[in-house]
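Next come the structures, one after another.
What follows is a pair of complexes built around subunit A, which joins subunit B in one and subunit C in the other.
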Partner chain A sequence: MRVADILKWLLLGWLAVVIVAAFFYVRPAEGFIGESSRIVFFHVPMAWIAVLAFLVSCITSVMYLKRREPKDDIRASVSAGLGLLFAVLATTTGSVFARIMWNSWWNWDPRQTSIAILLLIYAAYLALRGAIDDPERRASLSAVYAILAFVTVPFLVFVVPRIYWSLHPDTIINTRGSNEFDLRYTQVLMASLVGFTGLYIWLYTIGCRIEAIRQRRRQEVL
Partner chain B sequence: MSRLLVEALAVAAKDLRTEFRTRVALNALGLFALTVLAAVSYTVGPYRISVEDRPFLLSVLLWIVIFFAALAGLDRSFVKEEESHTAPLLRLAASPTAVWLGKLGFNIVLIYFLMAILVPLYCILMGYKIQLVGGFVLILVFGGYTLAVITTIVAAIIARALTRGALFSVLSLPLLLPLLIFLIQGTAGAADGTAETVTNTLRAVLSMGGIMTIVSAMLFPVVWSD
Partner chain C sequence: MTDLMGIMVVTLMIWVGLFAYIYRLDRKVGRLED
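Here is the complex of A and B:
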């Protein structure tokens, strides 16, 4: 067995434990309807991955502009694709929670607004990639856009929800800088964050390899 | 430094002169804004909205008119260089930073020109009463500046892509939406007299404008000379 295989099985085991723990190890939190609070163990990591993927996309874009290596462009685009996927998942899980707690799927709460704009940014980035033929120009222009877009993310994630009134429960890093979950919640949430980050890294390496093979094939055909 | 400024001013002056010859961007911005204003004023008018809703809803409509008018015309500055094949010559004639500053200056002039005509008309036609006029003007000034910074760099990007017209709105809007949210809230605050909302908005808009200016200045040479 190679190290990668061992890591893969470890990751699957870890995520299985997290899922079981999310449903049986912790009690439903007070102040939330029924079992709805359990969604936090999936919703928060997905939102975290959506932002992390964007960060990776931004960093690899900066690296591309510095070194002009095609593999950095591949990394940026794969990470943006994964970011879009996880942003959709975070939006969906958030919307389910909103339906249970506030009786509406979507009500343009500042948090919902910011994730919707994040989705738009990812989609725009991929639209830009589709609109440029020349690979080098596509790489550098989309790198510039990724960096520009990333600059707006702090405004969406931190400024908009802080300035305007929101229904969203306090985030892990709230305005008072304290953590109000009880111990078991924190344990499972952190384990879930680690598990999902591992899942992201796994998907990301696979995506990069596939894209590299695809580009090599295209060059062989040409 | 002075050389940079001279070059930037020359680029802006050249753009303004060619713009006043053809008036493509001015017509696009101005006519779009006036048409939408006419439509909004005819269908909604000053009395259709109840008094307590007015500060917020009229602020929403005002900024939507300004943003969409901006999206209709602000990409011209770069697209016209590519369409008339004058971009290579401009690359030789001026440094990238000077080109960026010049185009930014041109876009700022356009957007302020639009606001100077549209906003008073809007306030008169829609019966929009502003309590904190000073705050309102500051929001317009800084909001217009940030709008120009963001659209300038996006215009530079899309000028190098294939489907320009559609792409400009698609790429600009996600970057502009946070700004739009700030400006709508701030203008509503200025209209109903909440000074706190106005200062919060000004802080957010100023920091966004500042960051975008720095990032654009750093990234523009890549877009321009690639």
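Here is the complex of A and C:
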């Protein structure tokens, strides 16, 4: 068995343990209705992966503009797609939490509004890619767009929700610079972050390989 | 079975199902690359 295969099976076990721990190792946090606080172990890693994926998309876009290698364009588009997927999942889990805590799926809270804008920005990235037929032109324009799109991420994810009053619970990276989670919450959350990062790397690798096969086949047809 | 246990079992099933799907996709991509 190769190392990559061992890591995949390890990921299965790792996230399975995280799921069990999320439900039975920690107790519900004070100040939250019912068991709603447990959603943090899935919602935060999804949001983290979205930001990480958008960052990777930005870096690989810069690399594309520098080296003009088609594989960098593939990496940027795959990562942006995954970022969008995880941002949708983070929004959905956040909305479930909002329904339990505030009795409303959506209430235009600054954090909900900023993630909605972010979703539109990256949906437009994919629309842009779909609208251009010429591969080189598509790669160049979408690389520039991905870099500009990422400029908005720190503002929309970290700045805007902290400027305005928000219903959203205090985040781990808060304005006081302190971690106010208890030890067990921190342990499970960190384990979940590691697991989700592994899942992202795996999906990213598969996505890049699929796109490379598609490109190779297109060239064979031409 | 409590509600919490039920939600955990469903979450685990989703994860195992997702893993199986990705694993199969990974192997299929590997075969296409050869």
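Some points to look at:
Here, the second predicted complex is superposed on the first by the 222 of 222 C-alpha atoms of A that agree within 3 Å, B and C clash if a C-alpha of one lies under 4 Å from a C-alpha of the other, contacts with A are read in each partner's own complex, and residues count from 1 in each chain.
Simple rule for what comes next: contacts are C-beta pairs under 8 Å (C-beta built on N, C-alpha and C of every residue); 3 or more make two chains touch, one makes a residue touch a chain.
No experiment lies behind these values; they were computed from the predicted model shown.
Which of subunit B and subunit C touches more residues of subunit A: that partner is B.
In the superposition on chain A, A:127 contacts subunit B only, with no contact to subunit C. Contacts of A:55 after superposition: neither subunit B nor subunit C is touched. Once the two complexes are overlaid on the shared chain, A:160 sits against subunit B while remaining clear of subunit C.
Within the superposed three-chain model, A:210 lies in touch with subunit C and out of touch with subunit B [touch as defined at top]. By the document's definition of touching, of the two partners only subunit B reaches A:117; subunit C does not. Comparing which residues of subunit A touch subunit B with which touch subunit C, the overlap is empty.
Here subunit A touches subunit B in the complex through residues 65, 113-114, 117, 120-121, 123-124, 127-128, 131-133, 136-137, 140-141, 143-145, 147-149, 151-152, 155-156, 159-160, 163-164, going by the rule given at the top.
Taken together, the subunit A residues at the contact with subunit C in this complex read 8, 11-12, 15-16, 19-20, 22-24, 35, 202-203, 206, 209-210, 213.
Per the touch definition, subunit C reaches subunit A in the complex via residues 4-5, 7-8, 11-12, 15-16, 19, 22-23, 25-26, 29, 32-33. Listing the residues of subunit B that touch subunit A in their complex gives 153-154, 157, 160-163, 167, 170-171, 173-175, 177-178, 181-182, 185, 200-201, 204, 208, 211-212, 215-216, 219, 222-223, 226.
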